[in-house]
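The same chain A turns up in both complexes below, where it pairs with chain B and then with chain C.
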Partner chain A sequence: MSLDYVKFSNGFEKFMPKEYRDMVEHGPFGKKVTVSQMGNFKEVLEEHPMCAGCAMTLFIRLAMIAFPNPEDTITVGTAGCGRLAISQAAIPFVYGNYGDQNGVASGLSRGLRLRFGDKPKDVVVMAGDGGTADIGFQQVLHSWFRKERFTTIMLDNEVYGNTGGQESGMTNRGAVLKMAPLGKKFEKMDMLQMAKVAGCAYVATVVPNNPRRVESVIKKAVLIAREVGSTYIQAYTSCNIEYAIPTDKVMEDAKAVENDRYQFTEYVSEEAKQYLTERYGYKEFLAKPAAPAAAIPGKA
Partner chain B sequence: MYLVADINVEICAAKSCKLCTQYCPEANTIQYSEELGKDKGFKYGSAYVAVDRCKGCAQCVWVCDNMAKNYAIKMIMIDQLPKAALTENITYGEKSTTAVLASPVVG
Partner chain C sequence: MSETEVKTNPQGDPITSVAVPKSDGKKDPHGEAKRQKVVTPEYMFLEAPRTKEFITGSEAAKEAVRRSNVDLAIAYPITPQSETMQLVGVLYGEGYVKEYYRGEEEVGVMAAIAGGSRAGVRCYTATAGPGTLRGLEGIASWPGHRLPVVAMFTCRVVNAPLAIQPDNIEVSYLLNCGMIVFHAENQQDMFDFTMTGFTISEKNDVTLPVGVCCDGFFVTHARGYVRMQDRGIKLPPREAWRGAVPVLDAENPPARLSRDAPVQKSNFMAYNIHAVWQQEVWAAVERSRKYINKYMGGLLTAENAEGAEAIIIASGSAAAQSREAVRLCKDKGLNVGLIKVRSLRPFPTKELRELCKNTKLIVVPEFNYVGWLAKEVATAVYGYSKAKIIGGPRVYGGQSMPVELIVDEVESGLTGKKSTNVAMSQVMGGAVSHDEVAQFMRSI
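Right, the complex of A and B next:
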């Protein structure tokens, strides 16, 4: 796992597919790319079978552009729609049983540290709301309490999308779904609060209708997880199939949901703020200069 | 037959805001070319669609109409496009891409 793993072996270049050659020569490896350069470089994500217009697909696309070092990143996933795309990228992908992603990522992240020492290798988990808040819940929380140093991203489409519309812990109260015909009887789980209680160093919510914010949040989460501790991003990534959103209205829905229950929130621990400032030159956490005291009339 | 997105170069090149590619769910589908529109005096190039990757969701149409307010993208039946960009005809350069347009439907 390094820049070398994508390069051609001598003499093989002419046998490689065009997409692969483009990715090696014009992809993001070893460079810094940003969302504003999209459309001008070859992305690591290739074609995949996720539904047309799926917001989760867009989020995964943006996430892969945001990884600070894609050539030194491993993604971990589980059953659910997202793995259909995450697995189709030039970034190694580990896929376990449903719900064990944070257990697998714990071992992987520790093993990489033993093998590569201080050279950062980033581990990023991306799993559905069912995989994160229901089936994988126990492993997710324990990895956070243990302060495992990797990023957990919940692809929250508020339903089990891959299996036809069962309610999850993240479905909203009252939502009627194909396989929850009477409507959900309980509230949406507050995973953000749980992440803070469990000691995550960074917790944020995002919606993919703001690509630059997705980029910024993912960069911070991955960098903080290198040294400080667990980081958690909860992304609203609607399922247009199970919630019957016309595909050309997916971004309109994202905007409405962002204004309603998915406003941007970001928690950064004091240690993480200091780390980002000192190590990576972030300016946003520096103390703001105090406003000059208002002149008092009549005093010189 | 099925619908794919088609970008009107002259309308896009007048603005060329690059928003649609940031919102297309599919990777490397809406690309940019600094060359497109240059022959007609436009400075910044235009977006274009690699139609073999387009899934026809029309999200880009919503973005161009409602966010860019430029109405440059229409959904068109793929066999009604005489020529279009296809992945195999796209070349990457240092900062931008170029595409040789070809018939998107074989046979």
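Right, the complex of A and C next:
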């Protein structure tokens, strides 16, 4: 696909809003940018009202840089901290009702396909752990079972941050939080396994202290969702306020959690592997050359 | 197929097939749909020749959707609505509806309808009773999001205790959402209101959802004559750019569409923005009046109301029963008129004030316990009519309404004879004896 269409017709530049012109002239619209170029271009997310040291904000920022097609991407979210930043980006954002993001995204992506056919209009859901695993659970799971073609990203801070620190289904067992005065009594929900069972074509876990990896999984997830099926990314995006993580220790915490319960995992369906390889030239899924039989002694 | 092979339900009606017609490999199953011609709403509603068919309300809704150029329909079963959305599924198989699926339940369906409307496509869904209330958070947010949609509500009891029978209590919840609300009396109304609903909801100065209500079973499952335009014509497609707010297709700069969401600002700004937005939603409801007048011929219809001693005001199935009551009253020598309210939002306040200014008695029969229409009528005519207003008779929970109940109220209202069917507290208006009401209130 050519990115050339995001160009102003001669003489019309001055009638476009300044923010849009900036996105085309100095930002990512119509060209490819990478996380390693951060600081050298105007990002779609520049201002936000989030707390100092918020790992979620860093993740959202990285994710938006990674969007393969930001000028034709629509984000969908629900109540939670994340939407305070997502809604400030230069990308249209749908804030519907509580936990309805995957339902809205189902209708939105189907409607956009009806209108625009093969021209990619990427729909990306970004919602918190409460929005995804608790109140939105039913619509999330059903959108996956229906193989709706959009990406779901869980911003997992393991707590209801925006309402002031209550237990969520993604909180770890034993954690003492509001509404869990004796500590959470059941395990963190295994949404990754559920995503696989429900038929997602791509499932990955990621933490924000590895920008290139964030970029890589977001790109794959959005591209696969265009044609193959639902994709799910679960990102650890700590709440330094509710979990009392000192601001300068947020990345250290992310590293520790990565080593503990958020190791990088990536599941790619066979169909998705083939699609990424053939359509977008990914080489990582190509079959490895078979080892010579003699290299495995004793095996027939 | 021989006559004995025709499958019928216990009532002897042929069972409607919901399977997609089988393709023989030669005939394009979407051929007929592809040959449909677009006509203007003006031609469709005001000029196109019509032929009469004897069909159910569900079939009338299906035929309306067939001619409405619908892009996306989302179905979820609930009695007595299920027939409608499964018939719309047949239209999907035939290519008249472009996209269709069975949703997970009503919260998910109303969310997805909102997503589809935001994408700029024409959306349709239907539900009933508990489904309406389950989906109400989403439904109530459609007007605030300025989403053109047509939703049908085939009213039934809202639990508990469990019942599936007609009772239009759910309309009272819809009245305060900021959406346009029509109430269909019969199969013809179902057909007309659905089609005009799409046209009105997408007008730039409206850009609101339209709810088409009917009383379940009485309309959905019963047959009536419906005059319909040729199935070879359809309404123009939705033009997404016409809406009062941009659709979310990333085709419209400014790009930062939601950066000024009220919640991001100070509390004062949040209150202020929300307040102004609500005013604008209700102003848009008001602006739909001219289109309702143009395409539907008015927010109400009046029969013999001019100079009538008593006027029965009703909507939905109660209007059909009231028409029969008017006939019985005439046989008894009583001069009684009928006003059928078709549009509940916007409400025909001005029209009612004019039509009711000289009448002595207003009777408002309803298929619900709370009497939402009586309250609307009393509020509308207060200070403009000296009529005594009887907020009844009312039936609920699935009861039918014998026309004699309505005739009794007209007779007792005009003669002063006490009625046993309507509580004194439901009687309002200038001619009411306040002493009698006080006596009634003391004695209960």
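Everything that follows uses one rule, which is that the second predicted complex is superposed on the first by the 265 of 300 C-alpha atoms of A that agree within 3 Å, B and C clash if a C-alpha of one lies under 4 Å from a C-alpha of the other, contacts with A are read in each partner's own complex, and residues count from 1 in each chain.
We adopt the following convention: a contact is a pair of C-beta atoms (placed from the backbone, for glycine too) under 8 Å apart; a residue touches a chain by one contact, two chains touch by 3 or more.
None of the values given here were measured: they were computed from a predicted structure.
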Clash or fit (per the criteria above) of chain B with chain C on chain A: fit
Chain B versus chain C as contact partner of A:251, first or second or both or neither: first
Vertex chain A, arms to chain B and chain C (CA centres, degrees, nearest 10): 130
First, second, both or neither for A:241, with chain B first and chain C second: neither
Which superposed partner A:115 touches (first chain B, second chain C, both, neither): second
Dominant toucher of chain A (residue count), chain B or chain C: C
Chain B versus chain C as contact partner of A:211, first or second or both or neither: first
Which of chain B and chain C A:153 touches, first, second, both or neither: neither
Touching partner for A:16 - first (chain B), second (chain C), both, neither: second
Chain B versus chain C as contact partner of A:223, first or second or both or neither: neither
Minimum distance between Cα atoms of chain B and chain C in the superposition (Å): 15
Intersection of chain A interface sets (partners chain B, chain C): 19
Chain A-facing residues of chain B, complex: 18, 21-28, 30-32, 47, 53, 55-59, 61-63, 66, 87-88, 90, 92, 95-97
Touch list for chain A against partner chain B, complex: 18-19, 22, 25-26, 35-36, 38-47, 50, 52-55, 57-58, 61-62, 64, 209, 211, 247-252
Interface residues, chain A side, partner chain C - complex: 16-17, 19-20, 23, 49, 71-74, 76, 84, 87-98, 100-112, 114-116, 121, 138-139, 142, 146
Chain C residues touching chain A - in the complex, by the definition given at the top: 71-72, 74, 98-99, 101, 103-105, 107-121, 123, 137-138, 141, 145, 240, 248-250, 253-259, 261, 263-264
